[in-house]
Amino acid sequence: MLEVRDISKWFGGNPVLHDITFRIEQGEVVGLIGPNGAGKTTLFNVLSGFYRSKTGAIRFKGEEISRLNPEDICRKGLCRTFQITKPFSNLTVFNNVVIGALSRERGIRQAEKKADEILDLVEMTSKRDLPGRSLTIADRKRLEVARALATSPDLLLLDEVMAGLNPNELKGMIDLVKRLTELGITLFVIEHIMTVIMGISDRIIALDHGELICEGPPKKVADDPKVLKAYLGEDYVAAQG
Amino acid sequence: MNKGAKRDVLILIAGVAFFALLPLFVKNDFYLDGFILIFVWGAFAGAWNIISGYGGMVSLGHNAFFGIGAYTSTLLFLRQGVSPWVGMWAGAVIAAVIGVILGVICFRLRSHYFALATLAFGQVASILALNWRGLTEGAEGLTLPIHPSFTKMIFATKLGYVYMGLGLLIAVLLITYFIENSKLGYFLVAFRENEDAARALGVRTGRVRLVAMAVSSALSALIGSFYAQYLLYIDPSSVIRLQIAVQVALFAIVGGVGTVFGPFIGALIFIPITIFLRAKLGSALPGLHMVIYGGILILVLFYMPKGIYGMLREKYFPSSRIFK
Amino acid sequence: MSSTLFAQLVISGILLGGIYALSSIGLTLIFGVMKIVNFAHGEFLMLAMYVSFWLFHSLHIDPYLSMVISVPLFFVVGMLTYKIFIRKTIGAPILAQIFVTVGLSIIIENLALLFWSADFRTVSLAYLSKPLIVGPFPGLGLEEIIVNKARFIAFFLGISLSVAFYLFMKFSYLGKVIRATSQDRTTALLMGINIDRVYTLSFAMGILLVGIAGALMIPIYTVHPFVGFEFVLIMFVVVVLGGMGSIMGAMIAGLFIGVVEVFSGFLIGPESKQAIYFLVFIAVLVFRPSGLFGEKGEEELERIEAIGE
């Protein structure tokens, strides 16, 4: 579904992503982990067309997309959410989702129908007519997912949709993510709570300082000394010996 | 049809009937001029609203499009004998093309920068109109000979202008209504609310704004042509100076940007104030009406950011399908 | 073009540019610190010119001396304007940010029209009437060059004050606080800087600078209610060219625009010269929104803020 080869990104003189290469297969749930500042969001920005990589290639469903704009990438079926949520503040939750649906649906009526289905799926029907700005963090994250879903993506990039939630909300979000996989959507999920990401992912990719340091089944990645070091620091790993 | 919707339709019919019939009973040309000005400015503010209200790209250069319309139809008529009914469409096409070029060049600019760039653009247009004497006669202006005839779009009575103005206004309102309820409208608003989110959801924000810009500038030009036919004399100060761009924005903001009827309501409030003051004071206190304009503008921005119509709508027509 | 004429035009342009520089640095300061374009800046300049005019006309106070009154007066005017109008627009939607100052400019301009009529008013000072003759410089192949005294004084004081202000911003404690705030509002707030106070002072200083400019300009230009509009457009050009927010940029751009104006006025006629620099203005906005002389890309920064997380 997605093949990423040798992409890099610099800000000023600082390499934030360095020669990243990986693949995601149809139907997989892939976790992306790494400490704060590792470059996870930047990787999403490159994949979704907001930043350009000067090197390498990105193939999505067999097609080169690394030169496309975000809007065109979305229309090809690759959609992302934002870690810092970006609701359309003055529009209702419903219209937020309608806009997501419109890029794929023929007309307003169809988009409205789809939006209602999606609000039902993400369990936000009760908030349908509230303005975007009035939502709690948990609901904003849910709205991010709902809007992205409305674009009928084949591959969905979720950027920390589980961060900052209380245990109850967290459980709800995990359930939602599981439901998405049942719909056959391939998922690429950023999350840095290890236990959570291990529970939902088929495979995990770990980033640190812009380098892909480890890749594989959750168990293998969790036990990898490089990952432990990235998360916990040199000393901890040494002490555990 | 539910009760609320019925009420809305009745209010709409009453409103249209009011503006269509009342002029028939007004015998004083001074007041008929008032109707014409309300329609012209209401329509023009509505045109500005499409790109600046819905799209959030604040233009301070719409005087240029208005002027392009006025000068194109007038010059085509004076120099080539082309009927203004045709000339106004030529003006609309030219304005749309220039609007799109301006958009291609300036849409990458954000907020203040875009406003400044359009201000400079409007100013260049007005300087050209003033100094390209071979084309525009500069400050001397252009006079249309008064031979009333329908084909020349010169009407014998004010009523002709009243109804044509009303027609233009209704056209702008219908177009705005249609845009608001189409993909274009949703996408424009999405861009205005959050560009990154809109793009991530597949909204082609560049293309969408170019379409809105083309529609907005073409409509402005059509209204400019009509205004020239009404004045029968145009010069840079009457159809293309910068103050026109400021005034049209001011009407739209006070009425309520990003709504179908707001800009018209703005004109409906301001034009009578101007007329009343002019009737009362003549030229005794020059500038007083502008002081009042500025004061109302600031008060509205601070205390009614949705504009007068925007506020009324929220209160009385919160879910109306007509009063958008 | 003879070399004397060329030198004459360059000198006239630079003298003109000094005035543009001084009147524009207030505008760029305000933008740099609070990200607000003060569309009423020209009207404050107009008010300053009137103040000096009336002080001269009714109390026979020399315009250069009138600065003693203008400076504190305009500082207070700036403070009040900030507290009453501008404060409410910080962080407000873009429409309010633009149109509150547009509204102010409409009000001030038309109040001036109401109170003082559209008459053109001038201050002519006997001791400035004879131009200064410099040269000839046979060594450089130059004949006599004529220098208008009022313009020379305005240039000299304008540039000195601009430089002094630049140094003040660079080295004084307050200057550093202001620059810190303009670079990063959030961090400044976290560091315990009173943002509102910084904004008040910056706005007041911006208006104060234009108060000085008004006093320097009244011996050269006629004042009327619409004079602010003529100058504000040039100020926008200067500020954008210099990089919005950059004081040094505004100074260089002011001189540059002065020279461009004098040359294009001479070469293609005074009417079209405005069109030239507005086209330059649009080109700069489009190709280098950070300005020709600006240090950092304001526009790019906004972009990064939007996506960077």
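As written, the chain order gives the labels A, B and C, with residue 1 at the start of each chain.
Criterion: a contact is a pair of C-beta atoms (placed from the backbone, for glycine too) under 8 Å apart; a residue touches a chain by one contact, two chains touch by 3 or more.
All figures in this text were calculated on a predicted structure; none of them were measured in a lab.
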| item | value |
| --- | --- |
| Remotest chain, chain B as reference, centres from CA atoms | A |
| Identity of the most central chain, Cα criterion | B |
| Chain A and chain C: spacing of chain centres that average the CA atoms, whole Å | 48 |
| Rounded Å distance between chain B and chain C, as computed from the means of their C-alpha atoms | 33 |
| Centre-to-centre distance between chain B and chain A (centres being mean Cα positions), rounded to whole Å | 44 |
| Interface hub residues of chain A, defined as touching at least two other chains | 50, 82 |
| In chain C, residues with contacts to at least two other chains | 307 |
| Sequence positions of chain B contacting 2 or more other chains | 196 |
| Complex contacts: residues of chain C adjacent to chain B | 31, 35, 37, 85, 88-89, 92-100, 102-107, 109-114, 117-118, 225, 229, 233, 236-237, 240, 271-272, 274-275, 278-279, 281-282, 285-286, 289, 299, 302, 306-307 |
| Residue ranges of chain B touching chain C (in the complex, touch as defined) | 56, 58, 60, 105-106, 108-113, 115-117, 119-121, 123-124, 127-128, 130-131, 195-196, 242, 246, 249-250, 253, 257, 285-288, 290-291, 293-295, 297-298, 301-302, 305 |
| Residue numbers on chain A that touch chain B, as the complex places them | 48, 50, 69-72, 74-75, 79-82, 86-91, 95, 98-100, 102-104, 107-108, 132, 147-148, 150-151 |
| Partner chain A, residues of chain B touching it in the complex | 181-183, 186-187, 189-190, 193-194, 196-205 |
